[in-house]
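Below: a set of structures, written as C-alpha cells.
In what comes next, chain A is part of two complexes: it sits with chain B in the first one and with chain C in the second one.
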Partner chain A sequence: MDSQELISILNPFISASIEVIQDMAEVSAKRSKIDKKFGSVYSSGVSTVLGLNGKYKGRILLDTTVPTAIALAEKINGEEFKEIDETVLYTIIELNNIISGKAITEINNANKEYEFRLTPPGVFWGEEIKVSSPGWQVFCVELATDVGSFNINLGFEGVEI
Partner chain B sequence: MDVNKLTPFIDGLKTLLEQYEVTDIKKGKLEKKPNLNAGSDVNVIIGYQKDMKANVTYSMSFSTAQNIVSAMMGGVPVTEFDENVESGICEFANMVSGYTVTSFFGMKLNLENTPPTLVTGKKLFLMIGRVETVMLEVVTPVGNIEINIGVEQ
Partner chain C sequence: MSDMVGVKNDGQAYRVLIVDDSPVIHKIIRRALEPQGFVICATGNNGKEGVELYSQHRPDIVTMDITMPIKDGLQAATEIMKSNPDAKIIMLSSMGDNTILSEAKQAGIRNFLTKPFKNEQLIEAISDILKEKR
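And now, the complex of A and B:
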C-alpha cells in the first residue's frame, strides 16, 4: 500500500463518519488529528471492531469514551441512558456498522481491485482495554464532535508506509 | 447452529496444541448463548467470510496465554504478559484459524479468515454479534480456553 492508496481508504471513512453521525444523531463532527501508531491502541472506553478482507487484510476500530457513546445513543434514540446498557451498545454497533458499510461501498466503487469485505461488527468496553495487532501500523483519525471525540483506527496486516 | 460446524474449530485448536506437545486436551462445558459475549483477560477475535459469515473468539486468562506461548517456544518459561506474548498468541490463533479454514474446505465450505485482533483489559466485556452463539470450553494442561462461535449465515 502506498500513501495514495491509504488516503483513498482513509478519506471515505472520515466522510462516512461525519455524514452518518450527522444523519443519525444530528451531531456535527469535523476532522481533528491524524496519527500513526504501531501495533497497539488503547480503547477510550467503548470500541467497535470489524474485520476486513480483500486486497489488504486488516481491521477497523471505531472508538469513543463511555460518555460520548451514551450521548450518541441518547441523540439517536431520543431517550436518556444513565449508563452503558444493551440498547446503547446495539445503537453504537449499528452506527458503526452503517459508517463502515458506507465507507467500504464508496472505496470499492472507486477502486474495483480492493474488493473489501467486512465481518460482522463486535463491540467491547471496560477499563484499560488494549487492542493489539502486533507488528502492524495503525492509522488513527480523531473527529471532534459536539458530544466528544470519535476515533477511527484502521490497521492493515503487512502494510508499511 | 449445525453441530458439525463446531468440529473444525475444536480440531484446529487441538491439532495445534498437540503440535506444541500439549496433549490430554478435553472438551469442557458446552453452552448456547443468545449473543456472542466473552470477557476473559485475553480475547482473540477472528472473523470468517465467504460461504459462512462468523465471528469467533478464543478467550483465556493471562497465565494460559503465557503457557501457550511457552509451549510454542519449547518450554522456555514465560513469566509476564508482554508484547512477545501478544505476538505469540496472535500467531497461535492465526495458525489455528488456518487449520480451521482447511478443515472447512474438506467439508466443501470455502472460508476466508481475517487476521486476529487481540483485546486485553480489566473488567472487559466483549459482545461480538447478536446471533446465537455456542461457547465451548476446552480443558488443557496449560489452562482452559473458551471458544465462542457466532455464525451469522
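And now, the complex of A and C:
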C-alpha cells in the first residue's frame, strides 16, 4: 500500500463518520488529528471492531468514551440512558456498521480492485482495554464532536508506510 | 379519506414487516412509520425469519436489510418474490456497492434505500413502491 492508497481508504471513513454521525445523531463532527501507531491501541471505553477482507486484510476499530457512547445513543434513540446497556451497545454497533458500510461502498465503487468486504461487527466496553494487532500498522483519526471525541482506527496486516 | 400515507383509501392501515438484525433499526423505522398510520405487523431479525413472517402475515410492504445472519436479505427477498411476484419489498442497507446492486437487480429487486435515511426519505420510498403497478 502506498500513501495514495491509504488516503483513498482513510478519507471515505472520515467523511462517512462525519455524515453518519450528523444524519443519525444530529451531532456535528470534525477531524482533529491523525496519528500512526504500530501494534496496539487502547480503547477509550466503547469500541466496535469489524474485519476487513479484500486486496488488503485489516480491521476497523471505531472507538469512543462511555459518556460519548451514551450521548450518541440518547440522540439516536430519543430517550435517556443512565449507563451502558444493551440498547446503547446495539446503537453503537449499528452506527459503526453504517459508517463502515458507507465508507466501504465508496471505496469499492471508486477502486474496483480493492473488493473489500466487512465481517459482522463486535462490540466491547470497559476500562483499560488494549487492542493488539502485532506487527500491524494502525492509522488513527480523531474526530471532535459536540458530545466528545470519536476515534477511527484502521489497522492493516503487512502494510508499512 | 385519510391524508396519512400509511392509510389506504378504505381507511385500513398498510401493514409493514420489518426485517433487520438491528433492534435499533426496528425502532427507527417504527418511529418513522407509525405516526403516518402504518401498522408494523411483525419484525424479524434475519432473512429466514423474514420469509416465514412474510408467509404468515402477508404484509403490504417489507423493509429488508441486506447483510444479516442465517439468511441474507437478498436471498430472503428472492424467495419472497418467487412465492409472490407482486410483493413490495424495499431493501435497506449501508452496503450499496455496484456488485451488490447488480446481484439484487438480477433477482428482480429494484427498490433500495441507503442507511442512514431520514424519515421523509423512507416514507417517500414506501409511497413510491405503493404506487408501482406490476
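Definition applied: the second predicted complex is superposed on the first by the 161 of 161 C-alpha atoms of A that agree within 3 Å, B and C clash if a C-alpha of one lies under 4 Å from a C-alpha of the other, contacts with A are read in each partner's own complex, and residues count from 1 in each chain.
By our rule, a residue touches a chain if its C-beta (ideal position, glycine included) is under 8 Å from a C-beta of that chain, and two chains touch if they have at least 3 such contacts.
A quick note: this is a predicted structure, and the numbers were derived from the prediction, not measured.
K.L.:
Once the structures are superposed on A, label A:78 by its partner contacts, choosing first (chain B), second (chain C), both or neither.
P.N.:
second
K.L.:
Return first, second, both or neither, reflecting whether A:108 touches chain B, chain C, both chains, or no partner chain.
P.N.:
It touches chain C, and chain B stays clear.
K.L.:
On the A-aligned overlay, A:67 touches which partner chain: chain B = first, chain C = second, or both, or neither?
P.N.:
neither
K.L.:
After the superposition on A, what does A:49 contact: first (chain B), second (chain C), both or neither?
P.N.:
first
K.L.:
Quick check for you: in the superposed arrangement, does A:127 touch first (chain B), second (chain C), both or neither?
P.N.:
So A:127 only meets chain B here.
K.L.:
Compare chain B and chain C by how many residues of chain A each one touches, and report the one with more.
P.N.:
Residues of chain A touched, chain B against chain C: more for B.
K.L.:
Quick one: classify A:90 as touching chain B (first), chain C (second), both or neither.
P.N.:
Both partners, chain B and chain C.
K.L.:
Which holds for A:98: it touches chain B only (first), chain C only (second), both, or neither?
P.N.:
Touch partner of A:98: chain C, not chain B.
K.L.:
Across the two complexes, what residues of chain A are contacted by chain B and by chain C?
P.N.:
The overlap between the chain B and chain C interfaces on chain A comprises residues 90, 93, 120.
K.L.:
In the complex formed with chain A, which residues of chain C make contact?
P.N.:
Touch residues, chain C against chain A: 22-25, 27-28, 31, 67, 69, 93-99, 114-116, 118.
K.L.:
Spell out the residues on chain B that touch chain A in their complex, using ranges where they run on.
P.N.:
Contact set of chain B toward chain A: 36, 39, 43, 45-49, 53, 55, 83, 86-87, 90, 112, 114-131, 150, 152.
K.L.:
Applying the document's contact rule, which stretches of chain A touch chain C when the two form their complex?
P.N.:
20, 23-24, 76-78, 87, 90-91, 93-94, 97-102, 104-105, 108-109, 118, 120
K.L.:
Would you tell me which residues of chain A are touching chain B in their complex?
P.N.:
39-40, 43, 49-53, 57-59, 61, 89-90, 93, 117, 119-135, 157
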